[in-house]
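Next come the structures, one after another.
Each of the two complexes below includes subunit A, the first together with subunit B, the second together with subunit C.
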Partner chain A sequence: MAQLALASDRTPRRSGLAGNVLPVLVFIVFAALPLFAAFQAEAYVLGLVTRVMIFAIAALSLDLLVGYGALVSFGHAAFVGLGAYAVGILSAHGVHDALISLPVALGVSALFAWATGIVCLRTKGVYFIMITLAFGQMVFFIATSLAPYGGDDGLTIRMRSTLAGFPIFNNDRSLYYICLACLLGAYLLCRALIGSRFGRVYRGARENALRMGTIGFEVYRFQLVMYVIAGMLAGLAGFLLGNATDFVSPAYMAWQRSGDLLIMVILGGMGTLHGAIVGSAAFLLTEEWLSGLTEHWKVIFGPLLVLVAVFARGGLIGVGTRLRGLLGG
Partner chain B sequence: MSLTLLIVQTLNGLQLGVLLFLIAAGLTLVFGVMDFINLAHGVQYMLGAYLAVMFYGLTGNFLFALVLALGAALLFGLVLEFAVFRHLYDRDHVDQVIATFGIIIFLNQGVKLLWGASPLSLPMPEALSGSIVLMPGILYPVWRLVIIASGLAVALILYLLVGHTRVGMLVRAGATNAPMVSALGVNIRRLFMIVFGFGTMLAGFAGIMIAPILSVEPGMGDTILILAFVVIVIGGIGSIRGAFLAALIIGLVDTLGRSFAVDILRLFMAPSPARTVGPAIASMLIYLLMAVVLYLRPAGLFPAKGRA
Partner chain C sequence: MADPVLRIENLSKSFGGLRVTDDVTLDVRAGELHAVIGPNGAGKTTLINQISGLLAPDAGHIAFAGEDITGLPAHRRAERGLARSFQITSILPRFSVLENVALAVQARNGSSFRFFGRAADEAGLNSPALAALAQVGLADRADAAAADLSHGEKRALELAIALAMEPKLLLLDEPMAGTGRDETDRLVAVLRSLKGRFPMVLVEHDMTAVFALADRISVMIYGRILASGPPDVVRNDPQVVAAYLGDEME
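Coming up: the complex of A and B.
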């Protein structure tokens, strides 16, 4: 709990200039990368970083729940899967336009978040972890039984989305910038949410739900709205993921994927928003690097996670802050 | 839906329930006493199975393999406790989730490295490998009955240990209020270690017992882990009695659901959609059950006293 309280002091609004340098830097790197990637294996680099940005959106939305609300969701990958399946299933029926499939992806995620949130938010702590896991598993099993859409094997998306008829998702580079724009939009939205009055009540509920209730806020409603927003953002990530991989399968919503998302948030530093972006980059790039080294890369990756959990309190961002503190003071 | 099938599947459900109880008992104790989320409990079950296969290869005797594998599983659990877990007891749940998730990734790959990715099998003892006639027309494998019996025996031992010994009293007290127990002069760290080692051994035992009828393969602990979590959450965290009842309920609901969902759906559905929807509903049934239980009783069926 002490750690959670610490995280709350690092809200974007209060940290001033120093808190803004890193996020700005991150987005500059993302924006400039395709210019340098042109000299390398472009398709590979763009594909990898596109993946990083898509998962960053999902991790960002999870940080809203875990980092600011102490709502540790272990079923967040379900929303990503719902978004991806919305694209895949509509595409299988000949509906390719994002003007239709994106609202459907967001709508389905929102509906699922609302319906499950009503049940999940009644519980606290460990029980919340387990019940979100349960709902995640339910969606997973529904997806495996969708025989007309590939069932276990998944569904190939033959045609990527178009926007009002323009095939803007087809080009790797334009897909890259679409993902970047979505990530930037999601990040700014989250910051605005957390800084708003709504966000302050929501954060207050994490510190002391009883007290917030006594002041006169119906905490549950605030949490439910945030849960729906986080679900929709993850649905957006799923929409992009379906388009980036041309494929969707139940594996996208396996509980291990929800675990991956949690690791990204914690690896970067929860309750910081840009930590989620740094975390997903660190997670996916390390995975990519290690898997290039050896087939048995997981033997190295597992212990790395243990080390992070034991030693890196506050994640990479936290380590960075402490290093700066040591050097500066 | 014949009566024979119903009886056989009920026994299968009991067997799954007993197996789940063996795993969930350790998990709920570790969870209840130390407030520690151990996702790595599932891979310890897997490790038990692998160790048994290895020792069987060395000794050629099931009983030796069982004893040696139990010892090795206990030892390995204590090493893990010493190296990793004890640094995380007073941490946030998310840190524990990450660390134990890392251990899962490591061990799943580790057994692949040591024993290869293809499934292994453990031959069951000759004397217990047949089937017996339960009733006229109903044959049932002896080994599954052995699993049920040994699980019930463990449940009885646990009941006596936890309910009627001094260590058990401390464990119950620890589950209710660990800092207070510590303040009264009990070495809570040592208690944690005993509980943890015991839980690990039970998970390993489950893995060894199930190895003759399942294939031993990497990742076999992942599915059972999730089921065990469902069990302890439904039963109420920290409650052995809750874990026992919930394990039997889950085992029966899951097994019977899988065998009869299609038949039941066909009563009011066309056969072809029933065949599609049936398996999905059967897989979801226990999660649905968990959601309903938590909606009605947010702390499970038998919450340990003193815990919210």
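Coming up: the complex of A and C.
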């Protein structure tokens, strides 16, 4: 039991086939889906899965913090909101090109991550959770008070981003593939980070910060850099979300949304990266399905999450690993 | 005589009303193994923690290789070549044995702000790490998870991590703590093979090991240095015998 839970935390094995089957499969499904969706309710399916991929990017970046650094951030949605507001506010002023709005979205997220990370990372455990929550709520309330940009009601984005003048975000299908490309890029980046020298020190800090310090690493600096990277990736998700929904609102950065992101990571399986993608898909698709069945879908969804938390340690990925272990002998 | 590698002057530290380090003055010369012995609660580990930078002293100075390091954090001291082992094993349990040591190599080997390229595949980090493991007899366990090692093996890993830092001074806080006779003998042999390569401070309760290894011994009681000198002198010091060795040497 413990062994299984631990296995996924070790350094990713050298590109073993078995370890890569699931991620490859996930991306093949994402890539092939629009071909099948063409036959029925295309707009609905594409919209839903685009949303899944966008949240998967945010969950992926949160997994960097929670799964590999034991930094349980309860304010991660703030970065998503900042990215989305960057698109919305610039668009309200007639700036639509992604060549400007994307760097702004990433820059604002990075700046916020750096400024808050300096404070948050001085704390540990529950205090870290509380302080990230506090900073998240701070941004949330600032957004609700932005009267020129819709305040509480949010802000409709009248025109989606263009790229060097080309309206590539306008078409549902091309937006879908942009999101897929971003997700794939984010996933590969995260994998490279985790296995790199930098990532190894970062993971080591989670294992034993005291030992890392006496070896000669100032772990705080590594955690801060990772916090900024994770914030920027979530900002990227926000940039895409604003474009996908043509709308931004403070609700994007509410603490409930941060909680959703945490659930996605835990549901899929922390510290695996692809678990975050599976988790976002499972979360959003279950939510979609249940809310179609009944208005009171949360009454079913809540207990379902509790069951996963109790019986599926290591999340859905953990269950998969265990099943494979049973079947394989 | 050349300047000592480590010079501790009038170091004091109190926890509340308890003086755990009481005006300690001590030096460690190039190449020597300086043992610090004393009963439980004498303040030996507290002293090691102050030398390695985990605890700030209330008063006094610590100079390492001619530089005052009293105010430096632990990681800066490690960068200067001050390595230590812990009395209570302090390793990265979910990392492989090799990676535990490779990280220590990495700390002294170029920037760690490299975001691409698999660190686990870097031969430049792995081969010195394997060499350090071979020195303590753990080379064949390199791929095991550190958590799966036996207690004695963990003690050896603890030592290998410190060795991989290419120390200019090695602080050993009870390296034999909790090991069996065979393992203790093995660790004593390893330490003997290291003698002369760099100076060491050895805190240890195993008197056989201490008298087999030490060039000089300081006896600590209630936070004070009671006596300091070559093993033969300390062994026969009436004060030391009365306060500590009397019942240890039976």
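To be clear about the criterion, the second predicted complex is superposed on the first by the 315 of 329 C-alpha atoms of A that agree within 3 Å, B and C clash if a C-alpha of one lies under 4 Å from a C-alpha of the other, contacts with A are read in each partner's own complex, and residues count from 1 in each chain.
Note that a contact is a pair of C-beta atoms (placed from the backbone, for glycine too) under 8 Å apart; a residue touches a chain by one contact, two chains touch by 3 or more.
What you see is a predicted model; the values in this text were computed from it and never measured.
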Combined model on subunit A: subunit C and subunit B, fit or clash: fit
Which of subunit B and subunit C A:Leu33 touches, first, second, both or neither: neither
First (subunit B), second (subunit C), both or neither touched by A:Ile215: second
Which of subunit B and subunit C A:Arg122 touches, first, second, both or neither: first
Touched partner set for A:Leu304, first subunit B, second subunit C, both or neither: first
Touching partner for A:Arg197 - first (subunit B), second (subunit C), both, neither: second
Between subunit B and subunit C, more extensive residue contact with subunit A: B
Superposed model, angle subtended at subunit A by subunit C and subunit B (C-alpha, nearest 10 degrees): 80
Touched partner set for A:Val225, first subunit B, second subunit C, both or neither: second
Minimum Cα separation, subunit C to subunit B, after superposition on A (Å): 14
Those residues of subunit A which subunit B touches in one complex and subunit C touches in the other: none
Subunit B-touching residues of subunit A, taken from the complex the two chains share: 1, 3-4, 66, 72, 74, 119, 122-127, 129-131, 133-135, 137-138, 141-142, 144-145, 147, 255-256, 259, 262-263, 266-267, 270, 296-299, 301-306, 308-310, 313
Residues of subunit C that touch subunit A when the two form their complex: 52-54, 73-75, 78-79, 83-84, 86, 90-96, 99, 103-104, 106-108, 111-122, 145, 147, 161, 165
Residues of subunit B touching subunit A in the complex: 31, 37, 39, 84, 87-88, 91-99, 101-110, 112-113, 222, 226, 229-230, 233, 237, 276-277, 279-280, 283-284, 287-288, 290-291, 294-295, 298-300, 308
Subunit C contact footprint on subunit A (complex, rising order): 6, 9-11, 14, 192-193, 195-201, 203-204, 207-208, 210-218, 222, 225
